[in-house]
């Protein structure tokens, strides 16, 4: 681990500007990172449910941070591909949590997946997997996943 | 065709509230629908490029509207799955256009795809395909794709 | 559970003919199903590694059987969408195991995911998620996932 | 173009051994490659329709060949991710054709897509997109897509 939850939250605040306030890294271990989306009006669709792009963004930030937790803040990993399945309607008025893990951290590509939950619920609202291109040299120090 | 470009834009304004101003249906034919994202500050990531969730949202709205153009505004189609490949960095300061077509319009499922372009560019910035669950009865009147 | 591992293996033998001999359900619980692909010459690519279509087929059969374990053998679930990430080269000469779980079992759609491993290895060789259309009435008896 | 249809078919025969007989490159232009799957008993599922893994394999080989047509036979491109939507049941007794194009041919990643048709039909049976990792140096000579 190159960055723990506190380091990741500090990174968010410094480099992600106004977006940072929407997110909070709850925990960051080698096996799993948990990211919270503080659901606000801007994330809602007509009808009160969390929008698809908001869920997409949560999964993207979560897996990105899981990579940074392993290779440090110098990296400029770029999302190259993403798949998402929307499973259930999120609860109105509840935050979303992304349970995230890396499946591969190679020299050129990283792949992670996330299950999204409405806080307090057992059944996931969405499943996502994303691939990132790692800039040359950036993954040097990290133990491969 | 149940709705043309003007009808779809009127639908956006009536039912999508503040989001509607970001989008404009440029054309809507049986073979292809073209949707514009008026890129503004809210769509940008640090660095000036359009964010992944904004591109995801553009493709989602575009394919959704392509379905509505065929089955009319009564439908409550729900996105069940999405895949997106990010191919190139969008141009700074240019709108995005989604060239969209339906591949299937069944009684239960619809599948569409979109290529996203920075306005004025030939090479696409992203490719997306999305699946929608169609509520029972809604696709009755439409000719199947 | 409508079908356990023994019932699923008997189903494979009866309805999948010559393909059945390639597969073996190792275990089937509500939480997880484990399916083995007995890797043979027909599954190999030049170079000795398991081919992409063989891994795709393993994930497809595994998630399909996970659905049947819940709704019984009457169903005619149809694969409507699939995504797969190839993470590492499979070991030469080792069987593949698919660790499978259902994420959603609705009245119309089921979604499952699988991690594929070369037997005896900790790091997965592939990740897959697949969506199935459930014929009307088939999921009636099953507790929803 | 580094390889035309004849060169690609010769490559298939030399390097893909017994698999080669299943495939035939019908045409290969910069804009589009067309690959035929000669559907035989081995590609069929119980019921007479072409199996999912066979369609997956067709799309994979087609996009792979589209890359080789641009960077030549030296390459060892590896499939890293794939998504496929199954849209309709293929016709019994008809070959499948994959209408294929490259969306990106970068130094490290290539992305292509394919629409699959039963020969003689207008509506596609499947849509696929796939990503390939390009070995360092291999794409040097090719004009980027």
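Residue numbering begins at 1 within each chain, and the chains themselves are lettered A, B, C and D in the order written.
Simple rule for what comes next: a contact is a pair of C-beta atoms (placed from the backbone, for glycine too) under 8 Å apart; a residue touches a chain by one contact, two chains touch by 3 or more.
Note that the structure is a prediction, hence the values are computed from the model and not measured.
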Item to check | Chains touching both chain B and chain C | outcome: A, D
Checklist entry - Can you name the chain that lies farthest from chain C, using the mean of each chain's Cα atoms as its centre? => result B
Checklist entry - Centre to centre, by mean C-alpha position, how many angstrom separate chain A and chain B? => result 25
Checklist entry - So, what's the distance in Å between the C-alpha centres of chain C and chain A? => result 27
Checklist entry - Using mean CA coordinates as chain centres, what's the chain A-chain D distance in Å? => result 33
Checklist entry - Of all residues in chain A, which are in touch with two or more distinct other chains? => result 80-81, 83, 85, 111, 131
Checklist entry - Okay, in this complex, where on chain B does chain C touch? => result 80-81, 83, 108-109, 111, 131, 133
Item to check | Residues of chain B defined as touching chain D within the complex | outcome: 83, 85, 87-88, 103-104, 111, 113, 115, 123-124, 127, 129, 131, 145
Checklist entry - Tell me, which parts of chain D touch chain C in their complex? => result 15-17, 46, 51-54, 56-57, 60, 78-86
